[in-house]
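In what follows, structures are represented as structure tokens.
Presented sequentially are two complexes of subunit A, the first with subunit B as partner and the second with subunit C.
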Partner chain A sequence: MLTTKRNQYLAQGFLLVFSLLWVFPIVGMVLSAFRPYAETSNNPRGFFSWPETITLDNFRNALEQGEMVQHWIVTFAVVIPAMTLTLFLSSMVAFSVSRYSWRFNIALLMLFTAGNLLPPQSIIQPLFQIYNRIPIPEIPFISESGQLRGSLIGLILIHVAFQSGFCTFVLSNYMKTLPKELNEAAMVDGAGVWRQYWQIVMPLTRPALAALATLEFAWIYNDYFWAVVLVQQGDDLPITSSLRNLSGEFFTDDNLIAAGSLIVVLPTVLIYLVLRRQFISGLAVGAQK
Partner chain B sequence: MTNASYPSPKEWDRLVRGKNVSRRSMLKGSAAAGAVVAGSSFLAACGSDDTEAGTEGGGSIEPGNASGALTIGSNLSDDTPKAALAAVVAAFPNSDVELSINTTDHNTFQENINTILQAGEDDVLTWFAGFRNKFFADQGLLGDISDVWSSISGLGEGFKAASTASDGKQYFVPAFYYTWAINNSKKLWSEKGYTEPKTWDELLGLADDMAAGGITPFAMANDGKWPQMGMFDILNMRTNGYDFHVDLMGGTESWTDDRVRQVFTNWEQLLPYSQEGGNGRTWQEAATDMENGTVGMYLLGTFAASNSDAMAEDMDFFNFPEIDSAIGSSALDAPIDGYQMVASPANAEAAKEFLLYISTAEAQDAYLGVDPSVVASNSGADTSVYNDLQRKSADLANAATGIAQFLDRDTIPDFASACGDVIAEFIEDPSKIDGLLADLDEKKTAIFADFGSS
Partner chain C sequence: MAGSSLLSKSDRRVMYGMVGVPTLLHVGLVWIPAIATILLSFTNWNGFRFDTMKFVGLQNYIQLFTVFEKDLYEALLNNLWVLVFLFLVATPMGILIAYLLDKNLRGTAFYQSLFYFPVVLSLAVVGFIWKSVIYSPRQGVLNVILGRTAEGDQISWLGDSSFLIPLGDYGLSKNFLALIAPMVWRHVGYIMVLYLAGLKSVDPSMKEAAAIDGASEWQLFRQVIFPSLKPVNVVIMVITVIEALRIFDIIDVLNNPVGTDVLSILVTESILGESSNVGRGSAYGVILLLSCLLFVVWYLRNEFRGLEEE
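Then we have the complex of A and B:
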């Protein structure tokens, strides 16, 4: 009895220490975001000093200097179609590999999974050259360069290509847990393949889709690599580039960057809060079979 | 790997004399201006597409003929330089050309210059003179602008040399530069009665005085592993001279040479006088220490003044003193920024006209009117608006017999970062230097061999 109590104290103490370790830098960042640069730079204790001035100036400047609204529009124009398309296409693949037995089921699934393991950096040079040679019609905002390179379409496509592997893997595992009898019953009632997919399986897959949507949103939203290589117009870069815009050539205001980071992270946090319940139930996706 | 593109001491000397060349109004008659450097052997074969008939050498640019859209890819993403470029563009005299600026933040721009050049979406790009320009010119990624140079006046031979690639053609137009020197706080120095040291012994003597007075003599910042490259550059130029420095950067001298070792021996003498833990300190933190009077001297670019308004008021600087009287103290780092053209621009005619315009005093006055932290490259630029720091920078560069571009601009990028690693390890533990230099020399051989074969 005594030992379990002592163990409990130990465990609580351990958790307390580690949660403080985690929270400490985040609190520091939030605090410094509200403080003017001069205050932290001139104080011998720097960021560890007690705040005297609390101001929203850093947030205002970050929005303005990082041209965040402009870059957010670009980001959402990429993230939303890319995320929707990824989930749509990979749920179709997942549906067919989990519902129908086909010779190449395993091979197909392996191909998709293996694609996940490929580091994107390894294909960037050929991809850039390919993109540079594919002409597409010039549409303002969407594809001003007249090529796949430099267009938002190109960016969306590469996200779909790279993200669908993981999504297919997760969704097919989830769909395998749904009873086959549902489909059989639907078939008996005369439902075609599309109807089985769209009206029977997809609604049941919602927790997995929500979990994936949260993850995909965060991943595509945070992308910097693809955007920077495939887009040449400074104005067409996504929100992640705004943060780099905040550091000067020689001079960097850390407090401003802290404020900028808080602004940039906001949508991801909001999406997580909105989809939190599904996210947690979706975390167990494919865990039991 | 020739060093043809670097301004030699003699060429910089001519740059100084270039000041006597009277300023011409580039935008009116340029036929006469075309003759200024047309006799140069560099221009023998130019082969540009819009060669004007009847001019010597490779032809020249006739301003006012171009029309259509022109995009300038810019890394001037900080507020002030960005506004300054906008002012330059607004003052472009040819209204038939529709200019637009594509600004990318400078880090991203720098890391992606290769893809930016290959995409060729912009016609003209901001960039750096010297090796960094030559590097891409030699790969065929830049457009030859020798014909623009034949119309340029007011830029000395040193600037021309810093714009010339291995094939003897020009690929760059210098716009402005800034200098590296030892910065100090006017307030602290007048309070304590410190005076500018002219020799190495005086420098060490001054450091002793400062240390005795409880002031750390030298600020030391090296976050990002670039600030201390400046210290290596200047010590090498003072210890071994400008030519040796250029050869060392160009890969033709050995890093295990005793002369290189001597640079680090000298440097080791400064380390006890320097702030500790330099590798973790940003340049701003060290600048703030100088502003607060806890350090006495700070070798850095004049951009140190941008740390705060108080700093801009209080900062002064002086040339790094001589170490060897046979070598003197007239070489320094003064990185030049400017513009280059992509290999096949959508609008070559307008691009060249813009590049010619960028070289003029008019364009540079427009730039400096907004951003007073740099010095104009054109000798005809209006120096009456210069502040003290600018005037001093210009004097320093004009008196220099050798101008280096800074270590990370003067050599192959991969090799520059290898040098940065060695310098960072050296300031941490100077006793390791022999092993570090031996490794670095091996790396040099490998990196330069790759570069030569590509």
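Then we have the complex of A and C:
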């Protein structure tokens, strides 16, 4: 409802200038990733100079030096189970606190919500000691260390425990909006709680689950902290945290860093481009009652 | 909502399992460590064998405020700078953009996608992108624009730890500001999305009534829209504080060890570094915990108010 034409132009101008600031780093990353460092670094105009050579060498080197394919496999072995399990567990809690009245409903919901708000670093010292002391069977690739620390299982568990706070909160808000007659009718028909959850409430919760799935995929994929502290070792690091090792190897070659970053962000960017609406509504739902 | 007393015995058992398993996991890996942090902060322990653990009372805290005073204050101040910039720069920018986009100008969908884009990226990767594209001494955008790319003439944006704003022995160092810029860049989109969702829920007739009364754009925002969005404002406030306290990835990834430490780095230092001092690390953790506690409580009150009566 910008009343005057002048205000409309002002608004458009403002948005245009700001969007340039947002485009800059992203375009710069793409422009430099395809060019040899020797060419751009010796030109006073950097990667804005007219390209003489366009090459995929940076991508090839980043993939090889960073062992990115290996790190990608680890990443998906963590992200997919963690995301699925988070949604499964938190939807069960959300179902029972939002569809039935228990004595501790609100206290439980508050516990989950508050847990998700704690800075992860404030619990890491004891968590690290706990992870050091819980033995699990040695399975190649999944838990070669023989303990929670350094295993993919340990990483998955902390993601599930931490993220289920946010998801429980969002899902219970969503499930509350479903008509309560659904459960009553189902109960009259003799459906047990599990069937009410799985066959009646869950299908109706699909939009919220889809929004959360995209959001959780990105968040767990983007995790750096848990992996750096609880896995630490080279080969088993998910891709985002493996960047820590690259900062030394990639020393000064900025175009190699750009190519490496581009490879790392590719999956989340693709999903964002396809599922933009889910991404945005997931966050928005979390902020609203 | 159906009362739980209506449930049959077997249904109750199913229900206990559905709530119990997730709760155990969450409490076991989040809340028990949170409490353990407090307990461990009163001990001296290297983390190896339990029998080497010694109760030392407040010793760790006394050390933090004497021997490690400089580390602690520097980190606290840096966290505060992050908060100041997220709050005074990123948040108003996000709100302004949301406000403009709410008017359905041409290109709204494009702008929304663009400003939200950095939120999809990890702050660790964002750090790398800014390091190579914006701050690179030899070919980064800043030095190219300033014409300072020649050898010996380059500005090292991430390496200069001298103070831009000195405050006695402490201050805002130039390289820390260089780290704050990408944080702001990423936070704007976050705020924009949250606020946009809030704006969509404002009753349009309220805006129309104010417009008919001849209220200016600013009056409309200040007196009608902003107050009616109080719940969203609280959420934004809390999220911004928590973000500022959690900040870790970008600082760790662009590890310039001078002058850019924050609380989260101090907590983890003793795990990732050579020496292991669980007690002191936990004491830093408790300070982090206490800093966010007030805001967590505020958030819970905002979200759960009135729910008890339902």
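Definition applied: the second predicted complex is superposed on the first by the 258 of 289 C-alpha atoms of A that agree within 3 Å, B and C clash if a C-alpha of one lies under 4 Å from a C-alpha of the other, contacts with A are read in each partner's own complex, and residues count from 1 in each chain.
Following the convention adopted for this analysis, contacts are C-beta pairs under 8 Å (C-beta built on N, C-alpha and C of every residue); 3 or more make two chains touch, one makes a residue touch a chain.
Owing to the predicted nature of the structure, the values given are computational and were not obtained by experimental measurement.
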First (subunit B), second (subunit C), both or neither touched by A:Ala185: neither
Touching partner for A:Arg149 - first (subunit B), second (subunit C), both, neither: first
Partner chain in contact with A:Ala38 - subunit B first, subunit C second, else both or neither: first
Which of subunit B and subunit C A:Pro120 touches, first, second, both or neither: second
Touch count on subunit A, higher of subunit B and subunit C: C
First (subunit B), second (subunit C), both or neither touched by A:Ile158: second
Partner chain in contact with A:Val228 - subunit B first, subunit C second, else both or neither: both
Partner chain in contact with A:Gln65 - subunit B first, subunit C second, else both or neither: first
Touching partner for A:Ser241 - first (subunit B), second (subunit C), both, neither: both
Contacts of A:Phe128 with subunit B and subunit C, given as first, second, both or neither: both
Touching both subunit C and subunit B, counted on subunit A across the two superposed complexes: 41, 128, 132, 228-229, 232, 241, 244, 247, 252
Of subunit C, residues touching subunit A in the complex: 1-4, 6-8, 10-11, 14-15, 18-19, 21-23, 25-34, 36-37, 40, 47, 93, 96-97, 100-101, 103, 105-107, 111-125, 128-134, 136, 138-141, 143-144, 147, 149-150, 182, 185, 190, 193-194, 196-198, 201, 207-208, 211, 217, 231-232, 235-236, 238, 242, 245-246, 248-249, 252-255, 263-264, 267-268, 270-272, 278, 281-282, 285-286, 288-289, 292, 295-296, 299-300, 303-304, 307-308
Residues on subunit A engaged by subunit C in the complex (per definition of touch): 1-3, 7-8, 11-12, 14-15, 18-19, 21-26, 28-29, 32, 40-41, 43-48, 89-90, 92-93, 95-102, 106, 108-115, 117-130, 132, 157-158, 160-162, 164-165, 168-169, 180, 183-184, 187, 192-194, 197, 218, 221-225, 228-229, 232, 240-241, 243-244, 247, 252, 254-255, 257-258, 260-261, 264-265, 268-269, 272, 276, 279-280, 283-285, 287-289
Touching residues on subunit B, where the partner in the complex is subunit A: 73-74, 77-79, 81, 102-108, 111-112, 115-116, 118-119, 121-122, 282-285, 288, 292, 301, 303, 306-308
Subunit B contact footprint on subunit A (complex, rising order): 38, 41-42, 65, 128, 132, 145, 149-150, 228-229, 232-235, 237, 241, 244-245, 247-252
